[in-house]
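First up is the structure itself, then whatever we jot down about it.
The chains carry the letters A, B, C, D, E and F, assigned in the order they are written, with residues numbered from 1 in each.
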Amino acid sequence: MTSNVLAALAEVTTATITTILLKKGIRNAYMRGPKPLTSGYRRLVGAAFTLRFVPAREDLATPESWASPRSTRAAIEDMPAGCICVADARGVTEAGIFGDILVARMEQRGVGALVTDGSLRDAAGVLSCRLPVWCAGVAAPSSVAGHTFVGWQEPIGCGGVAVFPGDIIVADGDGAVVIPQALVEEVAKLGPEQERFENWALAEVQKGAALPGLYPPNEATRARYEAERKR
Amino acid sequence: MTSNVLAALAEVTTATITTILLKKGIRNAYMRGPKPLTSGYRRLVGAAFTLRFVPAREDLATPESWASPRSTRAAIEDMPAGCICVADARGVTEAGIFGDILVARMEQRGVGALVTDGSLRDAAGVLSCRLPVWCAGVAAPSSVAGHTFVGWQEPIGCGGVAVFPGDIIVADGDGAVVIPQALVEEVAKLGPEQERFENWALAEVQKGAALPGLYPPNEATRARYEAERKR
Amino acid sequence: MTSNVLAALAEVTTATITTILLKKGIRNAYMRGPKPLTSGYRRLVGAAFTLRFVPAREDLATPESWASPRSTRAAIEDMPAGCICVADARGVTEAGIFGDILVARMEQRGVGALVTDGSLRDAAGVLSCRLPVWCAGVAAPSSVAGHTFVGWQEPIGCGGVAVFPGDIIVADGDGAVVIPQALVEEVAKLGPEQERFENWALAEVQKGAALPGLYPPNEATRARYEAERKR
Amino acid sequence: MTSNVLAALAEVTTATITTILLKKGIRNAYMRGPKPLTSGYRRLVGAAFTLRFVPAREDLATPESWASPRSTRAAIEDMPAGCICVADARGVTEAGIFGDILVARMEQRGVGALVTDGSLRDAAGVLSCRLPVWCAGVAAPSSVAGHTFVGWQEPIGCGGVAVFPGDIIVADGDGAVVIPQALVEEVAKLGPEQERFENWALAEVQKGAALPGLYPPNEATRARYEAERKR
Amino acid sequence: MTSNVLAALAEVTTATITTILLKKGIRNAYMRGPKPLTSGYRRLVGAAFTLRFVPAREDLATPESWASPRSTRAAIEDMPAGCICVADARGVTEAGIFGDILVARMEQRGVGALVTDGSLRDAAGVLSCRLPVWCAGVAAPSSVAGHTFVGWQEPIGCGGVAVFPGDIIVADGDGAVVIPQALVEEVAKLGPEQERFENWALAEVQKGAALPGLYPPNEATRARYEAERKR
Amino acid sequence: MTSNVLAALAEVTTATITTILLKKGIRNAYMRGPKPLTSGYRRLVGAAFTLRFVPAREDLATPESWASPRSTRAAIEDMPAGCICVADARGVTEAGIFGDILVARMEQRGVGALVTDGSLRDAAGVLSCRLPVWCAGVAAPSSVAGHTFVGWQEPIGCGGVAVFPGDIIVADGDGAVVIPQALVEEVAKLGPEQERFENWALAEVQKGAALPGLYPPNEATRARYEAERKR
């Protein structure tokens, strides 16, 4: 992915991206569950680095497992700078997958953001780090209270959406969306233009224009927009 | 509805309104789902203007449908100033029924508030408008990802409550409540008096009074309250 | 419970407490549902004072019942200073168990905090009191719209966890956890030490340390930590 | 409760009972969750004998607890013949509250039926007993996997309905309903008459009658029914 | 719709219909919720006749409302022979929309089947009628305990799917599916051919064939099938 | 695993297995969701062969994907005789993972049973095969309507439980349970003895014995049982 493409996507809302994807036949790209842990994050864009959890079983999900070579710790040490970590917690919010120490390490490694359909723990500590987090809740218990970690960089589900390593993730105030790799360039091309038109339409509304014919635009509106745009 | 009645209701909390309605036999008037999108809204009162969605079907719920005469756009152009738009999204929060452009148009038309058991999209844009919004969530996908719009000013359900066009809606920090038209005058009469008593009882508690006999008041308390009130 | 023990627990996050309890075989101590009603509460610790509701039945759950000797009012007058009131609302969030007047009286009685898996009502009024509240939502309807109050200081469930009168409750930004009485002293002993180690590990991460071997610590790390700690 | 009253209720469907209760202002009397474990049970009527569970906590919910004086075993030995055991399992269906041995003992004691919003375990064994069971599911794990038993003959919730010891329970193919004690006589009086009218109306429909005016009956229908009934 | 088309559809499983619709871009046609009330129904096909309920409000949802001109009774008298009644109960299963008398009347009128995402009541009575019923449960309370009836032959949602009057409904052991009117002829043409191929493929499997290349068929399989079919 | 061990487990109910596992510290071994598709299956025991699905995305979950080398077809061709196929459908019941053709092929390959927390499709066809199926529902849509297949013989979750390839699965009328490999031998040793005692205790109850002291047995009961057993 060229950095131009990522930069272009950073100017496109997740709302607009889902509309473009729907027109391409992709209706299931928006993750249900992950929301910004706090307000004020800028929009984040990056390639998905996936983590996978299955349910906890008491013989597997133990504090001792944290020292295993197949652990969240090992996965974090494998994350490249700029990636967006997407963790499949199966929508279980009763245990926090990570707390401040792991999030701090991700920040040190230059990870762009953390997205999960599960919870974080020690929210106060996590918020004192600068890593932007999209999650489905906050819970005190550690990951092993609800999850067994099984691997990274595998296909996963997150928030009801399939995510493959390398898919592009965009996250903003509305939540997080996945763009299949094959569609990234097209979304990056169509998105900024769609934003430009929507800003123009919003300004028209604020000047008192009625909606029919404006949004979506009929031919006259489209022509007027094109004319004004060229000026 | 006279403006006096609406003004009186603007002084009554939704908490008090539900208690008065319960005493009149109405236990199901509070909508589960709609909450203020942000803090700081004043209490809003108005007549319900209803919108109705059914689930999305790919042949019906398309971006093209937005230009149809039976569209959310046409419905918005029919909204009178001061109404409260109540949208039945069947509790589905995975798609945003409106984004900033439609909300801006509602604001232009003088709509009092938007109440829905669904989600809004492009939350940042919506919050930059001044229209107060009570909703059940925020989601990037557009309405057609989850909904087919079918009409306006019909009876609907919203948050598990029946709403008929013209019912009076009151929304504040606790959420939104519907007052059946036949009961509006009585609620507007009893509500302010109930608030007055509760404020007095709260002050008594803050002076150290115990609860039994005070709230609910026994006869002695009632007499004392009446006496003090007349002063 | 000595005040030393309570003071020690006030320095331990609920995240750390759940980890210690899990190592002692207790995986189900964290209440699902109760969250801080607003930000900024300090961590609260105290002995559980329990309230129990069953579902509303129209002949029992009436405004008149509020004046009965077996009422929430009577229960509140029985609460000792410093206790943490834990109310079993069966996870039903459609009715508010208490509003501002009852919360104000609890504050007057010196109650430490209110924890429930139900809702509060009249959130604006409750927030104007100083009593810290952990709850699962906010709803306008009064308790009798969803609940029949049946007693206090009985064993209850709250947020999927068993709570017995006298168990120790700790609540912070992540939510609320119950410590069985038999384990309180041990948690109060192990907790501060665990926090100390985690702060050291966090600092190490911020200096650039990798996770494997650090957290959880291998023997070398453990030795280094002990050595630095003694300095 | 006289046996005449119970005998009369045995001829009234739970459907009809809920309609009569609704006309008396009781809308919340039907338990959501309990269904017949198998087909072919006759309608059962009896006084509620209540059991109460709270969530499992690993230090309390142990196989050892089964030998405690406050155990399900002790509760069963306290059940009178003809009662209907109603067990509050908080809607948790992941653990079976009883298996074949406890059900067999209830049968030996002459218990009329078992009603719960939880699960039974060892369904094959339970079905080989003759005790009729209304439950919300079947699950292999024992009660202590999900529940801590705390007492009997206390007010409980079951399937979202308040049940007090001594309330009358009626259970048939549609599920189970509670009749508040104060209303039992009236329901026993109105119910059989309502059933008689409904049977007549059904026969009219089967002869080709249209619904309007028939059901509910207008005055002409009412008169015709009364006339035919007297013959 | 010609009767040939309906007859052809009666030979196509709902499983096959959903696959054909998916290939035409319709993924949301299968209703979640409605299941056969008992086993042994043949597959039913017919045009949708819709009913719409909103939530119950105590001033509207009364036994008296059953006599209103806008009642379920009036709607039933409007149903044509051969239609399939589809009732939008918003997935609420705590109240039964119809009992035996109304179902018997529908049977008298020649209605083909009843499909709802709500419950029936008086299941024993309903089962003694011959009208096939697909529903999401059984519950004793009458419709007014959960629903306010508002109209018929309007667009509705049922089981998460949009249904318009006149859409074709097919229901069998797997549940119920809606076919948009514009696609009915094509489904009726492709369906029987698809069933024929699947029966052949099943027979191949039973003779020991492996799946890859067989199902879905590669070119060789396709050729072999075509050849055998012509014999 | 020796066949002796599997044969021993075939005599032990899943109810008893969960109790033994709980005493060994494993509380989370029973899958929530999978139930027998029809009655009359004998108890099945075998090693888990796992399948993994993630959510459907329209570019991936297509009928064309069924011909891919990473398809359910390929996975089935890899299943050894006697295994129990456990499919992780993330609890999504709106799409059927398999229909009759795939189930028939599994039967041909000698698979012991199919267990999933998702749905089957074409239930009539599946039931005409002899492969025993434990599932969470029945639904017409094909797997690609809800799922993207991603692999086999990986660790999965099923019904809220972790399952690793090679874990032993036991399924009977109560549902399905996983036995971690390290505990299989012990369960196979303790289980039959526990069943023997429970049968004896049941017979005692049927002769009129009271529960306290019998079940769980006190020392006297234990001695009496041992004495009788030796005879």
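Here, a contact is a pair of C-beta atoms (placed from the backbone, for glycine too) under 8 Å apart; a residue touches a chain by one contact, two chains touch by 3 or more.
Values in this document were obtained by computation on a predicted structure and should not be read as measured data.
**Q** Return the chains shared as contacts by chain A and chain B, ordered by label.
**A** For chain A paired with chain B, the chains in contact with each are C, in label order.
**Q** Given that chain A and chain C are copies and touch, would you call their interface same or different according to whether over half of its residue numbers are shared?
**A** different
**Q** Out of C-D, A-B or B-E, find the interface that copies D-F, where copy means more than half of the contact pairs are identical.
**A** Match found for D-F within C-D, A-B or B-E: A-B.
**Q** So which chain is farthest from chain B, going by the mean of the CA atoms in each chain?
**A** F
**Q** So, what's the distance in Å between the C-alpha centres of chain D and chain B?
**A** That pair's centroid distance is 38 Å.
**Q** In whole angstrom, what separates the CA-based centres of chain D and chain E?
**A** 32
**Q** What are the residue numbers in chain A that touch two or more other chains?
**A** 25, 27, 58
**Q** Between the chains shown, work out who touches whom and classify the graph as line, ring, star, complete or other.
**A** Shape = other; not a path, cycle, star or full graph.
**Q** Pairwise, which chains touch?
**A** All touching pairs, sorted by chain label, are A-B, A-C, A-F, B-C, B-E, C-D, D-E, D-F, E-F.
**Q** What residues on chain B touch chain E, complex-wise?
**A** 25-29, 54-61, 90, 148, 150-151, 154-157, 160-163, 178, 180, 182-183
**Q** Per the contact definition, I'd like the list of chain F residues that touch chain D in the complex.
**A** 13-15, 17-19, 22-23, 27, 30, 32, 35, 172-175, 177, 198, 201-202, 205-206, 208, 210-212, 215-216, 218
**Q** Given the complex with chain E, which residues does chain F contribute to the contact?
**A** So the residues of chain F touching chain E come out as 58, 63-64, 66-67, 71, 73-74, 76-77, 93-94, 96, 99-102, 104-105, 108, 121-125, 138-142, 144-145.
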